[in-house]
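Chains here go by letter, A, B, C and D, matching the order in which they are written, and residues are numbered from 1 within each.
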Amino acid sequence: MLDELRARVLEANLEIVRRGLVLYTFGNASGIDRTTGMVAIKPSGVPYEAMTAADMVVSDLHGRIIEGDLKPSSDLATHLELYRAFPSIGGVVHTHSEFATAWAQAKREIPPFGTTHADYFYGPVPVTEELSAEEIQGDYVLNTGKAIVRRFRNLDPDAVPGVLVAGHAPFAWGRDPMDAAYHGFVLEAVARMAYYTATLNAEGGGVSQALLDRHYFRKHGAKATYGQGGGKN
Amino acid sequence: MLDELRARVLEANLEIVRRGLVLYTFGNASGIDRTTGMVAIKPSGVPYEAMTAADMVVSDLHGRIIEGDLKPSSDLATHLELYRAFPSIGGVVHTHSEFATAWAQAKREIPPFGTTHADYFYGPVPVTEELSAEEIQGDYVLNTGKAIVRRFRNLDPDAVPGVLVAGHAPFAWGRDPMDAAYHGFVLEAVARMAYYTATLNAEGGGVSQALLDRHYFRKHGAKATYGQGGGKN
Amino acid sequence: MLDELRARVLEANLEIVRRGLVLYTFGNASGIDRTTGMVAIKPSGVPYEAMTAADMVVSDLHGRIIEGDLKPSSDLATHLELYRAFPSIGGVVHTHSEFATAWAQAKREIPPFGTTHADYFYGPVPVTEELSAEEIQGDYVLNTGKAIVRRFRNLDPDAVPGVLVAGHAPFAWGRDPMDAAYHGFVLEAVARMAYYTATLNAEGGGVSQALLDRHYFRKHGAKATYGQGGGKN
Amino acid sequence: MLDELRARVLEANLEIVRRGLVLYTFGNASGIDRTTGMVAIKPSGVPYEAMTAADMVVSDLHGRIIEGDLKPSSDLATHLELYRAFPSIGGVVHTHSEFATAWAQAKREIPPFGTTHADYFYGPVPVTEELSAEEIQGDYVLNTGKAIVRRFRNLDPDAVPGVLVAGHAPFAWGRDPMDAAYHGFVLEAVARMAYYTATLNAEGGGVSQALLDRHYFRKHGAKATYGQGGGKN
């Protein structure tokens, strides 16, 4: 079973590279097996070309390394905080994809300018508060996760499967590692179009609540009508 | 004959992917056989890589499925409204191509800034009004088509083969499915150059009426002089 | 000899496609044999993939077709005007490359913001005046050439091997067809960086006259020191 | 030993082309063997496709050519000045990569907007002063190097491995030629995201000193925790 998890996590890591979200080793994907509570994540600083499923590092939800000879991604503690706080998610990706990172660096949330956004994010893509000097000097990676979780106090992580960490870059998640990678890619596409929109029309456009509802709920939830199976996608 | 229609519709769907107008399954192309009134369209949510001509769904102009085991694209009712209102067109494409979508999201028409535009669009690329909450909560996909048709009350769809749906994305059309895909691509190229133009020169430039006439009519209509045959292209 | 000219003109037409300056058939390259005064140019509206050297159309400097079964590019009269007015040039290209076209559409000359520009263009890349309605309704393609030539009344076409036609797109030239294609490509690269520069710093930067002189003259003229041969490149 | 240096310098020159930092021959990479003080650099104006290790030109730190039949890159004197002033560096690259060049042309330093920047550059990427007419008319290439060195009077070249030459383009360096190429690539990625950030939020964002410290020092110096070896990367 962990073999399958490692294989899926490897696949999600390769997907974020193939989709152009990651340069060199600037990114990572993980997945969780909810039955055992085991998390698999990319090792730190290993080139993607050479990576195999066996290189994925397995830890428990408290960061104890269970399997693997390599050091885990330096962002592991952020991923674990998300898995602990958001019980419905099964995969997390972190990238420095360029337009989502630009919004994160500009410390602006991405407004729902159109239906591409509304198809995947039920409301703005939020930006966290900046971490304090204490949070940065302390357990920084864990505190990054806590800042995300705080930002979602009144948000549903299933309805908004991504976030911008202020001054840093995006995280995205999903029901499994590949779904997280998919949301990471959609977030970048939405961020890119939102950049062009915002610079064309400084007052912004923005969809109406009715349009946001219509698009989001035709792809998600019990009444979804999109795709062949009636479910997501 | 429907086999040929399905093959052409498949080809137009693949073309919009090859030309980079579509990510994942965010787009669709259709075609109509005017003799029988049959419309073929891409199925909903099926990956492009696996799609065959036999997967195309055939419906009549009222949306009754005539052939095909899969659900049609969720945008079918918009396509049908365009075929009913614009009797000269033979193909329709819908994409979320990034610059055309940005203009749609900014709710700005694309001004005719230059001759590339004037070669294909005789005037601005218009943007629809926003749909009301009632229109969105009602028969939304059909109402999207109606908003386009309303916007064209005083416009010639042959002279302006595309539109921006406010807060959504572009539709383009043509004499057959591949011509519609071609216009979808030209619209994106025009939107991209118009974005750079508008951000360089906020007052905009804009071609004169004389230049618009000259460029449009050298490619279209009885006196066209462009290409080897004297006709379009 | 005309065989060689046709082959070189074909090669320059393929080069502007390979370098991404041209979409579909939106562009053309030509060359002149100064001994005989014969000009070869791309035929109108023929797909690049299928084009052979034999398809190039040969005309004299007055536009009389000497060889070739196809119609010449609809821009032939502009090319011929440039060959008549600028006796030192041997090739001309016309593209709708996106950033150079954006500056042309914005009706702004491209300032010499840096040494990449100064290496190839000794001063701003100029923009023509807009054509009058009479010029457009009259012999439009020829009048486009005349507008360029008027703009160069006090400019040296060897020191500034390109121009922006207002509301239209760029033309570039060189000592032979491939050199013209090269200048068309450099013009696009310079236009792209100038776009980013101008939007970062509205007052613009701009090189000093001393830097413009230094860079331009180390690649051009009798004292050139760049490359292995001391000459251009 | 010089064979190995030449091979590494060739590889770094090819890397900056593969990574899209260089068009035609607009760029160069060099490396130094600190034991012998020998520097190998790309020859001037030779196409990258045809280049071999044997074509690399070897000079001493004073610019005397020791080996090689070709003329060295016209920027050699800048590289040598950097090797003389920054004894810890082992490789230098110069490119006209488009976003870094745009910042250089706009004469704006690149602020540390986020952690991607902070991972590699401990503070803004600085921009030199403009060279005076005397410096340009005199030993221009050497004076370019001197302007960089002057700009670093109070900066640590190991902590800020790159610079923007005003009105020109970037230089980057590293512990060896490939590391310099890597920093040239990261600089372009950082410049691109900073461009989007600055145009989204004119007041800019900017990381806190605490975040800058955290990110920089987790990849660099004695306490680095990133990667498998504890060292850089």
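One rule holds for everything that comes next: contacts are C-beta pairs under 8 Å (C-beta built on N, C-alpha and C of every residue); 3 or more make two chains touch, one makes a residue touch a chain.
What you see is a predicted model, and the numbers here were worked out from it, not measured in a lab.
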item: Length of the line joining the C-alpha centres of chain A and chain C, rounded to whole Å; value: 47
item: CA centroid of chain A to CA centroid of chain D, Å; value: 33
item: Interface hub residues of chain A, defined as touching at least two other chains; value: 199
item: Category of the chain touch graph - line, ring, star, complete, other; value: ring
item: All chain pairs that touch each other; value: A-B, A-D, B-C, C-D
item: Contacting residues of chain A [partner chain B, same complex]; value: 113-116, 182, 185, 189, 192-194, 196-197, 199-201, 204-211, 213-214, 218, 225-228, 233
item: Contacting residues of chain B [partner chain A, same complex]; value: 23-26, 43-46, 70-71, 74, 96, 98-99, 101-108, 130-133, 136-137, 140, 166-169, 195, 198-199
